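Just below sit the structures, each encoded as structure tokens.
What follows is a pair of complexes built around chain A, which joins chain B in one and chain C in the other.
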Partner chain A sequence: MTSKRLLPLLAALGLALPGMAHAQELVVGWAETNDTLNPVTTGKRNSGPILSNIFDTLVWISPEFEVEPLLAESWTVSEDGLSYVFKLREDVTFHDGTPFDAAAVVSNIDYITGENTQSKISLGLLGPCAHAEATGEYEVTFTCDEIYAPLLAQMGEPYLGMQSPAAIEEYGAELGQHPTGTGPFKFVSWTPGQSIVLEKNPDYHWMAASLGHEGPAEIEKITFQIVPNPQSRVQQFQSGQSQVMQQTPGLYWKTLTATGKYTELPVEISGLGIFAPINASLFPTDDILVRKAIMYAVDQKALIQLAEAGVYPPSYTPLSAGMLGHDEAAAEKYPYDPEKAKSLLKEAGWEFDGTTWTKDGKTLSIKITAISGKAHYMAQAQAIQGFLSEIGFDAQFEALNSPAWLDLNIDGGSTLTPSQYIGVDPDALHFWFLPDQYFNWSHWTNDELTDLIYQGRSELDHDKRAAIYQKIQDILLDNAVILPIRQNLDLTLAEKSVTGITWSGGGFQYFGAASIAE
Partner chain B sequence: MLSYVAGRLAAIAALAFGISGLVFLMLRMIPGDPVLALLGTQAANPEVVERLRRQLGLDEPLAVQYTTWLGNLFRGDFGFSYGQQRPVSELIAANFPATLQLTVCALFLSVLLGLAIGIVAALKRNRAADTLGMGLALALMSIPSFWLGLLLILLFAVTWPIFDVVGGTGFKGVVLPAVTLALGTVGFNARFIRSSVLSAQTQKHVITARAKGLSRATVFLRHVLRNSLLPILTVVGIQVGNLLSGTVVVETVFSRPGLGRLLVDAILSKDYLTVQAVVLIIAVIYAGANFVVDLCYPLLDPRIARR
Partner chain C sequence: MDVTRTLPADDSGLAAKTPLSVALLRAFRHRSLAAGTVICVVLALLVICAPWLTEFDPAKQSAMETFQPPSLAHPMGTDAFGRDMMARVLYGGRVTMLASLAVVVMGAIAGTVLGLVAGYAGGAAGFAIMRLVDLLLAFPGILLALAITAILGPGLVNGIIAISIILVPVYARLVEGATREIRSLPFVDAAIVLGAGPVRVMATHILPNVMSSVIVMTTTWLGVAALWITALGFIGLGVQPPQPEWGAILNDGQMFLTLAWWMTVFPGVFLSLFIIGVNLLGDGLRDVLDPTIAD
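Our next item is the complex of A and B:
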């Protein structure tokens, strides 16, 4: 390699690359600008992975959604399901030296619910259980207004990471620039739009047991370099100026993994995967037969091939693989069958003249929208447009910037749009299918479904819950109000010398157990 | 002269005021809810959304929002960015130096190269050097900067890793973005300088100077160049504004911080206060740069000062 030969020369000239890692130092090519490093006030999913390295949560969720002890050693749920008692570790201190105890947990919950705190994801995750009380020096009790089964898993999301009460007190609105947790890495610096630097917490010895790592992290220093442009991120990684890169575009993933030179980390982002709600209140998809025709007309595998070099596994069910209630059997409901799609349209009274479908003087015309800044959504939407045009739909495509896209879909002005939704509990479905939710973009409700969603939320028995969510998914698919597209993965690549990078359930890259081979 | 300066400053202030109202209104006329934009497709409980709207003061009537913002502005407070959760002034302070550095470097390169190509082309009019120079100028004007930037990265940061892929504000970070930005305007400058020099060469006083026996070099430096610099100065004034606000493509390709990227990100996330402040600042800089250029004219042409 030319670069290998040039490096010593450049180093001699005093031109050594500052991005180049020494010993246990890691540069990570990061794809998005952060809004804040305050877990409570962040509204960005991509802040999660960075936060999970600075902050610990009461529980750790494994990638398989097993809930394990982290800051809480153990917990019990009361008979009526309305209170959760967490026994906390007694040997934990925050990065600023403040001891971690029950009072600290209470301060965090009070901060989240505080009238002046601009809480975002965090507040939603607590649901009806936003009351915490110290029932001992190292025992904290959460009480819920109603039974809330998702609580335990959601406690493990980084947005509920524990912050030092002293920092909360001291920094006010600027807390996000002084993140102080108990995690394996301490915050060092943040240059907005450029980089976030963390260093290892030498006192750390409470990593979740399933990670099989004792004591502090091996990595001394992590620099997250913000490189939103995908080509630049890839070039930075290829030239060795970063050792890890997230959000690798499909085509690059295919070529880079084919070289066999890198470690592949397809981080599974749980929830509803990538999917397109189908608007059931807008003509012509207000007719269930037209919606079903769409379901049969789209070939997920070919769509991914077209839009993203075929690197993602397709999905055929509303809940992602691995989620509680995910139902492989439901995947058989809509095989790719354009002939079946056409016969459904005929059944619905549409007539085909060889180019267009018409009914009562109207043409079969739909509007597909996508966020303009997101290349994968645009490609997916255009692929769907292609499949539907193939069977004679007049499918229009429109790209909109994200606020306008949100507005249009909330108002029900679009037929189909690819989107994602992230959650660790199947209750995430309620955001999309309960009446009066912002994201009910199918603009469709059903009493049985609404009842089931509430039942699912208040059922504490694992198997019974799984059965409820299977039934919910059956209803959604039978009514053809959601078109599943693919699994949601953060395609992360690392140099072979970097090992031990993992992620917590939900898809949050974790460097606590990582190391670099010398 | 003093009343002229005072008049111009008052005009800039009026302009800033007008722009503040215009940008405030335009932002709110574009579809999209800033509170929902903050959450994207994250857990947006209707309760969480309404709570945030109240906390951000976005439930107030527009007139109240505008006067509050304007009042704070007069106290030097640009407000707090919704999207980045920092004071807007801090965001500008963090991004402006990078943009200024890039713009100054690019402008310097662009004018220098433009002068060189333009003068050579003018002096060798209709000869091979002229054709070559103007061909090059045309080519440079036609190359899109995002493509040129990627190509430069590929060559000088990946194949031969001399510079950084991700441009910081150090020397190794600024060279490629500055070259990319400069090359886009070199063509324009070269063509402009060529025609400016050509027209100066045919002026009567130049012909007279040659006739009274001055050397070619003296005539060129004292009479031609000095006269042809005047229109160039005007162009440079406009270019400062264009470069400052037009750096966004280069900033994106090189992942550099900067005002352009800050502005585009803020527009896309409906970060009202940040957009308002950045647009206002760009407008003032644009007007200010042209003002400074106007003040420079008398230095090059004493006739203007006497008027």
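Our next item is the complex of A and C:
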């Protein structure tokens, strides 16, 4: 190629590159593929942040779990706690031009509860309050079969984002490819496994007040580039091809934040944190003393150091920090004490010959499992295996693909497995500890606990609820059926030029108030 | 590979020597065979002597020593769990090397037996066996291995079984062809006339004649087997943590490539050396042993 022909090409490149950097266009390095963009049928936590930028919910939850008006201007709860009346904004339209009113909310609830919808998370969030009625053009009333304290907070999760009734009608089963909400960004395109593109909704002017942003979003266009490989995601971010990156691996978070060149956004994902249920139905952890020995034998801080470069705060209780009822004092319950663990095993009748523990001819053998594709679960499981081997457990590790992993844990074939569960209300615990629940992977129930979980749901007084959930955490830890590991954070990094990225309570990244400095 | 195949002009002294020493002499003169042997022997010695070369337990975690670069205490550094990389690479080499050997040996035995039976029996039975073998051959190797481990579950033993199954058709086709050819030779007929049963004919008359091709095939496929074993380990379907294995160690390291090169480079170098070594060895052995290649 001669230099004459090269010159215009270089000039074109030179023009194009700054051009890309100037505009309010954001590329986000995204870690997971999406199952669907329909908030009702998605089963993935990581779809939540994308949905929360396309769809608005009736209420907004701040990262501190304050419930604020969003599509609903105000609301009242009846004396008996059984009905909620929401007064809706009158100036909202969906991206397709359909006006937002009480009938639209009712269509959404009807869609969620519809027999053919296959709703995943949404239906559970409504609890016993899945009946909506338009009691005015802009007034909608939810009726509950029983008192359900978690409702208001859960109304703010993106899985209850309001979809255009016209789109629900038009697209049917294809709705997930045509997300149509009222949010600050409109859907442009989705190339599965590659990218999701959103553009600014120019009519938007109803952002939650606490975000301090009026009018439409500053960002013109967001591209979520799906890069599941952590190494590639980091490289993409470091080379400037993306301005924001989620799920930064621990070691890279440590190195990149140390440079001081980036804005750190440790997005707090509320719920049960990262934890491992301990199977109380399987030998040898059917013995409470063996379970307690496990609790004493694992050092959360060192575990995080081993598995994830020590960048996450440890967790000592099943409820995330900042959630209603979170018990700070639980950290004192099981300090790292391998000697204590050994003495508990002796107390349980196990004998140690220097390498293995035996009792009645059986060895102290447990099975730790993890989902094979998830690097952090694999690392956590291996670290736990290390701690338990240290005190003489025969700790087997098995990596399984996620269907096999689900099956094994539901059948109770695994002793310990690192997992996460997200939720904005402590009632999320019921999925793991009520009898017959899909996620009762501890395979353990207790009448007092069951009663308390139901009480927690129907108690509307904040302080009384907190006391109930403290008691629940005590019971779970005293029976050693759950090994808390760490707080659940989505370590998000952004270039310094990008400001205003925030998240809604529960941990859903929100770009409505973000902007890029010129 | 024809550089060293010709013997020196003055080979009158060889006549008095045994076939074994002729083979050894030829092997020594064959440069790639010599190089391959040296590499394999050195690697084998290193992994056998692992307990004397490093005092560390490859599974012992240490929260205080994560991601240490190579130093005197840890000549190959430490990994994300603070485990000594040298211990992991050496002990992991035992797994990779033994597993690939097990794979080719198992595949060779099963494939040879099938090939012998099919070639000797011929007719409908032989046809049926060979079409089954062709069926296996129709799938790309690694895909078949993945499918088999998906059925059997992850683990080293299952991985070895899976990859052995892939190798079965390779041997079966080779042996079946050779067996059919030998089956029609007069000495086989003579043995049958003298009352030898099929098993005896196959074992004492046909097998020795196909053996050298099988051995050559085994060394050529050893490198491929090692790659497949490490591939399974790399994607997490082979050995399960904390047991070290080169593929699994490479996978541990790949996430930290730009921050902790030693986690990937050392197992990578060892694996490459092993593959190069067995390939050179295989090429050389073929030149030396294969009767179809004339001096």
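Operating definition for what follows: the second predicted complex is superposed on the first by the 496 of 518 C-alpha atoms of A that agree within 3 Å, B and C clash if a C-alpha of one lies under 4 Å from a C-alpha of the other, contacts with A are read in each partner's own complex, and residues count from 1 in each chain.
We take it that a contact is a pair of C-beta atoms (placed from the backbone, for glycine too) under 8 Å apart; a residue touches a chain by one contact, two chains touch by 3 or more.
Note that this is a predicted model, so its numbers are computed, not measured.
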Clash or fit, chain B versus chain C on superposed chain A: fit
- prompt: Where does A:235 make contact in the superposed view: on chain B (first), on chain C (second), on both, or on neither?
  reply: both
- request: Examine A:378 and indicate which partner it touches, taking first as chain B and second as chain C; both and neither are also allowed.
  value: second
Task: Taking the C-alpha centre of chain A as the vertex, compute the angle to the C-alpha centres of chain B and chain C, in steps of 10 degrees.
output: 30
- request: Would you check which partner chain A:173 touches, where first means chain B only, second means chain C only, and both and neither mean what they say?
  value: first
Message: With both structures fitted on chain A, tell me whether chain B or chain C touches more of chain A's residues.
response: B
Statement: Superposed, chain B and chain C have a smallest C-alpha gap in Å of 5
Message: Identify the residues of chain A that lie in both the chain B contact region and the chain C contact region.
response: 231, 235, 401, 404
Of all residues in chain B, those that touch chain A in their complex: 30-34, 36-46, 48-49, 51-52, 55-56, 80, 83-86, 91, 94-95, 150, 153-154, 157-162, 164-166, 168, 170, 172, 252-255, 257, 261-262, 265, 267-270
Field: Complex contact set, residues of chain C against chain A
entry: 59-61, 63, 66-67, 80-82, 150, 153-154, 236-237, 240-242, 254-260
- prompt: Within the complex, which stretch of chain A touches chain B?
  reply: 2-3, 6-7, 10, 15, 17-19, 29, 33, 35-36, 38, 41, 43-45, 116, 118-121, 123-125, 173-174, 176-177, 191-194, 225-229, 231-232, 235-236, 238-241, 373, 401-404, 406-408, 410, 419-423, 431, 436-439
Chain C-touching residues of chain A, taken from the complex the two chains share: 230-231, 234-235, 249, 251-252, 255, 299, 302, 305-307, 309, 372, 375, 378-379, 381-383, 385-386, 389, 396-401, 404
